[in-house]
Every structure is written in structure tokens, then in C-alpha cells.
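Chain nomenclature is as follows: A, B, C and D, assigned in order of appearance, with residue numbering initiated at 1 for each chain independently.
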């Protein structure tokens, strides 16, 4: 990918932003999901509704929040509700069209671990935990996942099922009584993945410009499936790239303080 | 009946060794000054409850005050892990801590149930999630009409909750606005509620009728501590000190650096120091 | 997606014969204009849901539109009984109505559960109360931690809810303030929500951040009907017409007087008449 | 009682108001309870907290509301909360010290009927129903009841248990798992009644000025018990009476409209 005038991370964020529609109501996780959702809002989906678990509904921050509860989120929101209401009326109530999550560990069926590396009772690394994710994963109408590829993050078997994706695949969600679609899209810095309609295993459907199948496989801990017709992701447009870079610059400046 | 007290007295009178205690604040309005006062008074064997234990609980755990944590997200939001908390969970340093871990939805519902006087919260949660395997306080209950299996968790009823709010009036009624989080629920769910505020005003007569207010008869003590939420923020008063959160990652990474920082900024400090810490953050008030 | 429609279209497109429907309003903001439009359009076999069915439901029951009532207090508050509703329940006139009766706590919890997407509400209620004997939709559930027996009722999920609110903005976001009642819950619990408002404003940018707002994507249709809550009231716009509530007692006492009144004030009237009815009540705006 | 310069109804309201303390948090039923609570506020208990089920907390109306949701209640309240919150956090949460109820029918154990006269499925009179009362009766720390005496309202056996008082007496509440005190005071236009400590049967402890035991018995449907030492209720003071009459006059004027 050397020689490209955009980074893999920028391509990831922009590809993710393109998957969002103007009518979507997004429950936004912090980090990469937050950047993607706001790029969508600043480009092709100006009326998208962004919801953060701190209770801000319809927020439109000028800089990316560092936390899920920065003042900017409330200042620009349509309204801000108590956290119990957020989880009851808005998430559990089925109002969220897209739950947008990151992951520390991910498996081929979209199951996510953000709890521990190693054994739960004697962890090698104690990660922050699930936060809102377990119910975002089960109550949102669909789930999008975004993360940078590595063998450490995309693993054959996750250490802990923080958030349920498609479980062991197939109709595992339905068997557990979960009536939402679960993960329908995975956007990495290498490719766009969609679950196979039957097995629900994530399958590469589009490679980002300059990325080869080998690149994808080398940075993934399981044997990668590719769709019959793998497309090439359109590169970032000048507008997309400028919007993202401006946002990142504003954000960096703001977070370093006055 | 509510009393206006200096923070040292409000903490001394309402917190005890062995208590279950919530210092609540959802990014916004974190009661840092109250937590630092509790650290100075060297309480021990606390059960620390909070949805998002961040820097403040990292500090309390690092000082060995906690025997148990009840939480749903233990991170420095946007920055990374909590390194003192990791040291306690992974290495038992400075002491082992017991962990009762939930999701945000469960904790929010559990506070709500506590405020509502119920023994448990019932919600649609934890479906397929492994926390239900490792936490015996996550159980199932069947809807008596549809048969659907729902999740149940015990209501949260802290011995005492500490929160920070914008202002109190002269009678001791408390106003919270902006990102209100779960603070109203945490205060109403607790046996005792202690509130630090930025300021006291005569009355709330000119305010909108539907604001989040804790009537004076639901509050045990109020302490006026301007800046008391730093490095968190107070909507309408001062901004979040994101730089301080980024800095914390380095301080907490090292046991000695942590001790030295705590000595200087907490143990040798007083509640009045908080006003100075937010001076430059008040710019766009 | 929300659409701004004339009231006649908003009602015609969202209400059907046989629907379960809530015209909610807790003394304040009762959607009278919408109910009168439904009466003019002669819907039938409705299941009418409301905590406090007062004059408006007395009128709909008296016109024979209801096959069932779900309620917790069927009175003309401060005045007395609902005489058309009594005639239906006691004498089956003009048709018998089925009754599903709850307490306020149960109805409020059931709307809350509906808004929260749950199949049932769980609360501490009906202890020793005889309604549990006559209403099979009141059941018991045991707390899986303490064993305490709690009450359970099915969540309320109306086919459509009608509410009245102060204002909408140009995008169709809706603001409710003052006594907010259960209207937010009734709207979010319903498959379709129709809102009548006093006025439309450009935006809500200058409003307090924590107000009760229904985002435009939760609302099916909005109709502008100034005075549309009369004889109830709209906080900030016009006062409650207590004299009209006192008067109603006499009108509803007699079947013929009732029919004549309905003919003149509802069947031959239009939504625009409401503005005139509140003119003298706007005095102390 | 002829010749007295106050009516039995005025005595009832004033006697009820005296039972309320400055520190009380009252859940106020409409009608007689509302008048009593506001007289207490306007005389000896200026800081009493009055809560109406419409969600108004700490209200101080200048005129009595006709309904439980008149605008005056919100205008003068410390804050107004949604109705579900009112019933969950404030009533069920155990924050109410006194639930103040009226009754259509009452029995000697403080059980209340406001649902039907006659059989539930084929009622002679369909009354409004319970509203907030069933849970006010079980979740308030104590319950005060006020009503004007008559053989129609104070009956041997109520037709429907809308709100549970002491059931069949004794420890019936505890046997049902109800841990609040239930009815601890009954104020009528004739007398003040308290439950017997053991049997929980309402017993006359004070007769209003000019009222005889016969008056009480003639207007009550059960055989009345009198305490060993029956006191005489102090008559209304000039201040109490003036406050009540001013309030009633303001209220009547306001309800008739401009």
C-alpha cells in the first residue's frame, strides 16, 4: 500500500462511514466507530442520528469526543436523557438501526471480546469490559464492527464472549431467542467483510485499494474466506479525506487542551 | 435533613470502613474532590460501585482501599486501560480485589431498581454474553405472560452515594443538568447521599419546571467545592481536562510514579485546590 | 418518517377500526381535538387505553366507539363520575364495553415497559388489592434473589397513540413540558404516534439540554391544532377550563342532552374551532 | 353542632391538617386530603412537601386544584417528573411519609372501596376506580384517611377492596408481606379515629366540639368503639378558619373561570 496518498486507517474510517445512511439511528461506540459515524454525518448523511451511551441523542460534535460523555456531545445534541432511559427506551426499545462497535478480539462469526485476555479469574490482561456492548450487540437492529487487522485482534477463538455475534454461526442467534440481525458488516483497514448468508462466517467482499488477499490473510488469525466476486473498495474521495483530516486535526488540538 | 458541611466532615460523617459506596458520574460530574477526601481519610475495605470506574477508582484501588469492585466498564475512556486496577486484578497489588462485573444496561437498570425500591431489575440483556457464566448475580426470570426469558440482577443499594452537581439552593435542593447519567438514581438508591456542588444560589424559582432536581429531603450533606469534578467537567462551569486523562496513563503505569503523584496531588492537597485546577478550563463559560 | 398533515388526514391514516389506541394526557395536554376528529370519522370497535379516561373517553364511549376500556381511574377529576361510561358499564348503553382495570402504578409501569420494549412490567403493587382477583392480566412473579413476590402486568403496546404537545420544530421534533405525564412513554410504546401541537417553531436550539423531546423519527404524523387540548390545558399557552369540566357533569347525565351537545360541538365542528375555545383562557400567558 | 361558628366539614379539614408535620412528604389525594394538606402548609407546616400523582413535587398552589394535574401545581412545584418516575422512585421507593386518601366506602379496618357499588361485573354504581390509591395504601410509610361520615360511606363490609388497609385486622398486612404501617389515622367530620394497637379496628379517640357519641354511631355503619379516654378536638383557631375560608373562596372563584 506504499505510495497511496491515504493511510489504511483512513480508508477504514471512510469505508465504514459510507455504510451509514441518512435515516440511520446509530448507537456509537468510542474510537473508530465515532470517527466513521461523524464522517458520514459531515459528508453524505447530514441528518443521521448519532446516539452515545451517555444519553446524548442526535448529537453533532465539531470535534470527536475523547470519551462517550464529553461536553461537546451534550452541547450539540437534540436532547440528553438519563442513562437508564438510554438503555431502556432507546436501545432495548429497538429504536437503534445500527450499533457500531469496536473490538479487542474478534472471531470469524463476529463475536467480540473486550473483557480479558486469558482466563477470566486469572487474566493475563484485564481489559475494560463490555460497557454498553453486550446489549448493543443484541438489541440494535444490525451491528457494524470496525477494527484494524492483526493476528492478535482477529483470532480463531476469542478468550471471552463479551458481546454475542453469530455465536457458532448459522442460526445460533435465533436459537438463543435473539431476534435482531447481529453483525452484518465488518470494516477493517484492509477490507470489507459480510457474513455468509448461511454459515454467518465473515467473508471478504471488497479489498481496499492496493490490498492483496495475502495481506488480509497475513493479518488475520483464521483462514480467510473470500467472496466469489471480490470488489475493490473505491478510494477515499478528496472530500472524504479532507473532512476526515480536518476532523482529526480539530480533535487533536482540542484534546491537548488550550 | 440535609446539612451544609465542609467536605472533610461530609465524608467523615457519611462513609465508613467496609461500606458499599458509589462515587457516580458518567464522564460528566465525576465527584473527584469527594473521592480524594475519602483517600485522605484512609478508608478501607470498601466495595466500590460505579458503571465507569475511571481515574478516580484507579486511584482508590491503587491506594488499596477497595476489597471489591462492582462495575461495567473499567477503562480510561478514549485513552486505554486502568493500570492500577489492572495491577490489582492481575497481580493482587497492593491487594487483591474481588470483581462483580456487569454490562452498562444491567448497572443502569440496577440503580433504577434501587431508586425504585425494588429488590431486582428485570430487562432484556446478557443474551449470549459470557458474563452471565462468571457472575452469579446475573439470573434469568420468565415473563409470566409470554414466557420470554429475561435477565435479572439485584438492585443496587449503596450504603452511601457521592455525586457532584452544578448547584444547590439555600434549602439544599440540588440541580443536575447536562449529561445527567445515573446520578439521580445513584443518590435515591443509596441509604445516604452526599453532594458536592459548584455553588449555592438563593432559589431555583426561575428554572424550567422539568429539570433534574434532588429535593433537600433526599440528601444527607452538601459541600461546596468549586472545580470538584476536575479532571471531569461541570456543564456550564468548566470543560473536561482531556489532557489530564491522557497524562494519567503514564502516571498509573508505574507504581512509584503513582505513589509520588498521589502524595503531591491528593494526600498533601485540600478541597480548595480544585478551584485552581479548573481556572484555565473555564474559558468559554 | 414524520409528516406534517391536516388533522383529518393524520387521524384517517393512522387509526383503524378495531385498533387499540391511547389518547394520553394526564389532566394536562389531553388530545381532545384528535379524539373529536376520530369521533367525526366514526371509528368503531376500538380498545381505548388511558390512565385517566375523563371527558374525552366519556364522549367516545357515549358514541359507541369502544369495545373495550383499559384504564386506572375513570372519573371527571374533582367533579365526579363519568356518566356516559357508567351508562355503558351499568346498562350496556349504547353498547356494552369490556373493562380491563388497573391501578395508576400498573398502567404507568406498563407504558414504561412498552416504551422499553419489554413484554411485561414488574413492580411492587396490588398488595392486598382486589383488582388482582378480577383482572387476569395481573400476575405474580418472584424475585430470583430475595424470593419477594412482585406484581407483573403486560406491557402496553397500543397500535397508535395520540398526544398533544406544546410545539414541533421544522424537522418534526416534538417538545413536551410542564406536567409531562406518560405521554413520552405512550408515544414510544405505540406502533404509530400522532402528535397535535400548538405551533411550529424553526428549531429548539435555545432550549435547555434535558427537556422531554420526541425525535422526529419516533413520530408518524404531526398536526398543528392551536387550542387542541381544550378543555384540558397547554402549559405556557392557556389554562384549564375547569368550568367546562364542571358543566360536563350535567350534559353527560342525560342521553339526549349528550347527543345534542355532541352534534353541535363535535360532529358539526372542525379542528379550527379549538383556537376560539381557548381565547379567554390565554389571559395570563 | 348548631350554633357553632364553623361547619363539620371545616372542622374535619382543620383537624386533618393538624396531623401533618413540617417534615412530612405527603402524597396528596384530591378533594378533602388536598384541602387539609394545603391548610397545614399555610399554617403550622410551611415547609411540608406536597406531592400529587401528576408528578409535581413540592408544590404550593395558591388555589386548590380541581384535578390532580392543574397548571397551578406545576407552576409552583420544586420540580415536575414523569408519572412513571413518580410511582417508581417516589412512591414505591418509600419516600412518602404520609399517603392521604379519601374513600367512597370505608370499613372499620381502614380498607377502602372506590371501585364499584355492588358486584364488580354487574355494578349498581360504577365508581372511578383506584387510580393511585392501591399503591399509595401499600407503599406510603403511613396512611391518613379523611371522609364525611354517613351509613353509606362507613360500612360493615365494603363491596370491593380497592385499597388494602388492615384487611381483617391484626397482623393481616404483615401476613401479606406489606411492611408499611397502613392507615394510622382517620379524620371524619365528627371525630378523630386511630386503629387499636392489637386489632387495628378504628377507634374514636377524639370527638369534635359539640359532637356526641350518638352522633358518631348514627352516621356509621358499624358498631363504633370508643377509646377509654375520648378527648375533645380543639375547635378551629381564628387563623385556621380564616386560612381555610380564604383558600376555599379563592378556589371557587378560580374554578368558575374568568
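Here, contacts are C-beta pairs under 8 Å (C-beta built on N, C-alpha and C of every residue); 3 or more make two chains touch, one makes a residue touch a chain.
Predicted, not measured: the structure shown is a model, and the values here were computed from it.
Centres computed as Cα averages put subunit C at a distance of 28 Å from subunit D. Look at where the CA atoms of subunit A average out and do the same for subunit C: the two points lie 41 Å apart. Averaging C-alpha coordinates per chain places the centre of subunit A 57 Å away from that of subunit D. The multi-chain contact residues of subunit A, meaning those touching 2 or more other chains, are 74, 80-81, 88, 92, 139.
For subunit C, residues touching at least two other chains, in rising order: 112, 116-118, 123-124, 148, 178, 180, 184-185, 209-212, 235.
Taken chain by chain, the contacts fit none of the simple shapes, being neither an open path, a ring, a star, nor a full set of pairwise contacts. This structure has the following touching chain pairs: A-B, A-C, B-C, B-D, C-D. The touching residues of subunit B, when paired with subunit C in their complex, are 116-120, 122-124, 137, 139-141, 143-146, 148, 150, 152, 154, 177-178, 180, 208-212, 235.
Contacts from subunit A toward subunit C in the complex involve residues 23, 25, 49, 57-58, 74-75, 77-81, 88-89, 92-95, 139.
Within the complex, the subunit B residues that touch subunit A are 26-28, 51-52, 71-75, 77-79, 81-82, 85-86, 89-90, 101, 103-105, 108-109, 111-112, 123-131, 134, 148-149, 178-182, 184-185, 212, 233, 235, 239-243, 245-246, 280-281, 283. Those residues of subunit A whose C-beta lies close enough to touch subunit B in the complex are 30-31, 53-56, 65-71, 73-74, 80-84, 86-88, 91-92, 115, 120-121, 123-135, 137-139, 160-164, 167, 172-173, 176-178, 254-258. Subunit B contributes residues 1, 112, 115-118, 173, 184-185, 188, 204, 209-213, 215, 217-218 to its touches with subunit D in the complex.
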